[in-house]
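In what follows, chain A forms one complex with chain B and a second complex with chain C.
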Partner chain A sequence: MTDWRRQRTARDARIAAGRAHADGKVVAAADVVDLLEAVLRPGDRVCLEGDNQKQADCLARGLSACDPDKVHGLHMVQSGIVLPEHLDVFETGIAKRLDYSYSGPQGARIAKMLYGGQIELGAVHTYLELFARYFIDLTPNVALIAGVSADRAGNLYTGPNTEDTPTVVEATAFKNGVVIAQVNQIVETVPRVDIPGDRIDFVVEADTPFYVEPLFTRDPAAVTETQILMAMMAIKGIYAEYGIRRLNHGIGFGTAAIELLLPTYGERLGLKGRIATNWALNPHPTLIPAIEAGWVEQVHCFGSEVGMDRYIAARPDIFFTGADGSLRSNRAFCQTAGLYACDLFIGSTLQIDLMGHSSTVTTNRVAGFGGAPNMGSDPHGRRHPSDTWMKAGREAQQTGDPALMRGRKLVVQLVETFGDGLVPAFVEHLDALELARTIGLELAPVMVYADDVTHIVTEEGIANLLLCRNADEREQAIRGVAGYTEVGRGRDKAKVEHLRARGIVRRPEDLGIEPLDADRSLLAAKSIKDLVHTSGGLYEPPARFRNW
Partner chain B sequence: MSLSWYEASARQRVAALVDAESFEEFVGPEQRAMSPHLPLFDLPRAFDDGIVVGRGRLDGRTVYLAAQEGRFMGGAFGEVHGAKLVGLLRAAVTETPEAVLILFDTGGVRLQEANAGETAIAETMRAIADLRRAGIPVVGLVGGRAGCFGGGGLIAGTCSRLAVSEGGRISVSGPEVIETNKGAEEFDSKDRALVWRTMGGKHRRLAGGADRFCDDTVEAFRAAALDLIGRAPAFDLATLEAEQARLEDRIARFGDCRDATEIWARLGVNDPAGVPALSAADFDGLVAGLEGTTHDAR
Partner chain C sequence: METMTFRHTTKGPLAGTKPQAITGVVASGNLEVLLERVLPPDQCTIEIATPVVGYGDVWEAVAADFVARAQPGGLRIAINDGGARPDTVSLRLLQGARLMETGR
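Up next, the complex of A and B:
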């Protein structure tokens, strides 16, 4: 007779083994290694919560301290490779195979380990893609997650950085998996229940509060006049023209400049209420002046940001908050929102090629993707119209029945022609292709594909790729805004001028923008202290961003 | 809105600091006195080599002034940059303006022309000593992005009086240099709150290193300059002995402190942790109530 309950039986056995090291569900930090060695089986699929920001660091340390004779050959399925321990486990043989999304700070080491064969790589995913696979073919046997507090029954409060937790728990707990949560403290009653206790099998009181990375803070003091010029062009040449109200911003200084120009330059253009009202966005401190000036209707967040908690709690009309008052973020939902309900994504990149493919990979770093490829892609499953989406669709429409036309999401790359260290952002060939060859990746790690990009904004101007009618026009439009890079100097001047006459390439003067007006006095806040002041003292920047 | 000193360029600071239309530049950018060394390193040059020098009026009184441009090579001293400053100070000895103002904004000596830069630092300090001996006050104003580091910190130490804003930093070794040499445990250069409470304007004022704290506006610096010119100490043996005694006393009182907040507590500040958040007016009120922060030495 077929046994339909093998997974359930195995789960019960793991939990029984783990209970030997627990008091009810509660496990002391000192017993983490014993707990993990009891619960894990060789070859298990394990999700060790490493989000964009929040890290289950106590459990990560515990896992890397396990005896490789007992725990080995694990298949790690986690969105972020952020802490050194996330890779240490591959050096000791505790883990063998990896499917992940983002590896910012560990990008160089992961490239080395891939090249050395220490990691068997499944794939580098986008967030939504990896979350989707948790439910289809990468379902974890064990999830190691992080929260702020829990009660003894396991009811979990994730705090403002809920991020990936609900998704990970959903996939694990409802498919015969074991969920272990680390929390900063065990409490009598949690402020709100983010994850019900019957989905949590063990709770570890961590030795130190979990680590959160302040990824989304950009100091206004470091915004340059070039970035301000580009922000002016984006606001006047794209936001105003397409009437963009629903949007997502990347995390660069260019987009921070746009946020800081809304209450000043945007106000002067009479755009308040007409653009940038509804956001899928981490709570960027640089959005505070626009919020305070009444520009923003609402913001849904992927995760939180260090120092923004009190401000968010005091602005429940703007942010999604729980009954306890604190932010409720959710990466999976916000990614979905950014993909389907936003009309624009604007972000930066390290390299753009002649067709408009872009990548943040360089030859010795595999930084992964995170959310940008989802945000920066045209969702073919979208069926609701908006003026913005339809206008972009009309511009892109080349042939066929207009009645069957669909819209286009605006995907804008905002790049200075030369990046950090005067490295050109425009290249003939992406380094990503070279890297894929070197370490044997089947798919080159492209961040945003050319067919999704609609505009490129540089300090030289805006290239509207929607209006290009063939590959040659596209190439010349890109060269036409590539400044003094090799790619830019390789332009056909006559063709670029022709594109300019058709409005495909637009210079600041074509937009009625005087480059000398791009001055730091336009910024609604010029320093982190200004942001604190504008927030009425509610924003509490971390020490590394303070100059007082 | 008043012009932010921190945000302004050297030329904007000078123009707004002195009486309207009174500034007259020496060796201006039209003369193209540029670094002969930077092209060897394939580095861009500036027509003024990152410093503006000249003469102007402050409340009707003639002053000589030099302003470093922190956005060109971090305001660092190169050969031409240094020569313009030294030349200005030496001219002041013979031309006897009522005061000389140095608007610091510098990371120190320019590495690409270090020998010339180091020489200029020494010559500058000598020229300041000559000026002060001639009874001409030399007042330093510190509130720029690059702060006042390296040789700039040494020169600041020879001035008659110093005014500093919250954003301004005064030190010799910069945060990154200390971290590189002594490790992040000794000094974490990424902890900006630590950097500012150790080298920033408020601490320098509380520790007696600077004589006046001002808001980050050109107006505030102008008021500070006028005030400090009026109460510059004599440059004689008594002043130098008082300065020596002040510094010896400082190290005796605070030498074992591990953090600026401990020094502030020992100075008698009730809420040391609250100092960084104080406005300029509240901070001035705090300073007025503490002994030893204002002195006749230097």
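Up next, the complex of A and C:
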């Protein structure tokens, strides 16, 4: 007779083994290694919560300290490879296979380990894609997650950085998996229940509060005049023209400049209430001036940002907050919002090729892309119109029945033609292709594919790729904004001028932008200190940004 | 240190009467531009002093594009470069020309 409960039986055995090291559900930090060795089985699929920001670092240290004779061959399925321990486990044989999304700070080491064969790589996913696979073919056997506090029944308060936790727990707890949470403290009653206790099997009181990376703080003092000029072009040439109200911004200085120009330059253009009102965005400190000036209607967040908690709690009309008053973020929902409910994604990249493919992967760094490939793509499942989406659709429509026209999401690459150390952003061939050949990746790590990109904005101008009618026009439009890079200087000047006459390439002067206005005095905040002041003292920047 | 000078002919004089302007600062990644209205109305010279050697062809292209765009006839322009990127040079030159035109 078929046994339909093998997974459930195995789960019960794991939990029984773990209980030997617990008082009810509660486990002391000193007993983490024993707990993990009792619960884990060789070859398990394990999600060690490493999000974009929040890190289950106590459990990561515990896992890397396990005896490789007892715990080995794990298949790690987690969105972020951020801490050294996330890769240490591959050096000792505790883990073998990896499926992930983002590895910013560990990008160079991961490339080395892939090349050395220490990691069997599944794929580098977008967040939403990895979350989706948690429910289909990458369901974790064990999830190691992080929260702020829990009660003895396991009810979990994640704090403002809820991020991936509900998704990870959903996939694990309801499919016979074991969920172990680390928390900063065990309390009598949690401020709010983000995860109900019957989905949490063990709670570890961590030795130190979990680590959070301040990933979205951009110091206005470092914004350059070139970035201000580009932000002016984006606001006047794209946001105003398409009437973009629902949007997502990347994390670079260019988009920070746009945020800081809304209450000044945007105000001068009479755009308040007409653009940038509804956001899928982490709580960027540089959005504070626009919020305070009444530009922003609401913001849904992937995660929180260090120092923003008090400000957010004081602005519940703008942010999503719980009954306790603090932010409730959710990466899966916010990524879905960015995909289906936003009309524009704008972000930066390290390399763009002649067709408009872009990547942040270079030959010695496999950084992963996080959410950008998802938000920076045109969702073919979208079925609701908006003026912005339809206008972009009309520009892209070349042939066919107008009654069957669909809209287009605007996907804008905001790039300076030269990056740090005069490295050109425009290239003939992406380094990502070379890397894929070197380490034998079946799929080249492209962040945003050319057919999803609609505009490229550089300090030289805007290229509207929707209006290009063939590959040659597209290449010349890209060369036409590539400045003094080799790619830019290789342009056919006559063709670029022809594209300019058709409005496919537009210069600052074509948009009526005065170069003298590209001045730091246009920034609504010129320093972190200004942001603190504008927030009424509610924003509390981390120490490394307190430079006054 | 490398120095170079580019001479251009323009269609006519730059608008405005302001005799002299200075913009920018000599700092790392930045540059200082001094503009003086001292040449015949259809002439423009751009003198560059830069610590970064070997980018003569890029400077030449930046200067030529600037002259084509701004038609800065009558100006002698001196650049004190601190290793600025070409886009920064271009922006600063345009800002300098606008200062001379508008008298701001």
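In this text, the second predicted complex is superposed on the first by the 548 of 548 C-alpha atoms of A that agree within 3 Å, B and C clash if a C-alpha of one lies under 4 Å from a C-alpha of the other, contacts with A are read in each partner's own complex, and residues count from 1 in each chain.
By definition in this document, a residue touches a chain if its C-beta (ideal position, glycine included) is under 8 Å from a C-beta of that chain, and two chains touch if they have at least 3 such contacts.
Because the structure is a prediction, the values reported are computed rather than measured.
After superposition onto chain A, the modelled positions of chain B and chain C overlap sterically.
When the two complexes are overlaid on their common chain A, residue A:Asn184 makes contact with neither chain B nor chain C. In the superposition on chain A, contact is made by A:Glu416 with chain C only, not with chain B. Contacts of A:Lys526 after superposition: chain B is touched, whereas chain C is not reached. Of the two partner chains placed by the overlay, neither chain B nor chain C lies in contact with A:Thr388. In the superposed model, more residues of chain A are touched by C than by the other of chain B and chain C. With both structures placed on the common chain, the touch criterion links A:Ser348 to neither chain B nor chain C.
Contacts of A:Asn547 after superposition on the shared chain: chain B is touched, whereas chain C is not. Interface residues of chain B, counted against chain A in their complex, comprise 4, 6-7, 145, 166-167, 190-196, 200, 202, 276-277. By the touch rule above, chain C contacts chain A in their complex via residues 58, 61-62, 69, 85-88, 90-91, 94-95, 98-99, 102, 104.
Across the interface of their complex, chain C is touched by residues 224-226, 229, 416-418, 422, 458-460, 483-484, 489, 509, 514-516, 518 of chain A. On chain A, the positions that touch chain B within their shared complex are 221, 520-521, 526-527, 543-548.
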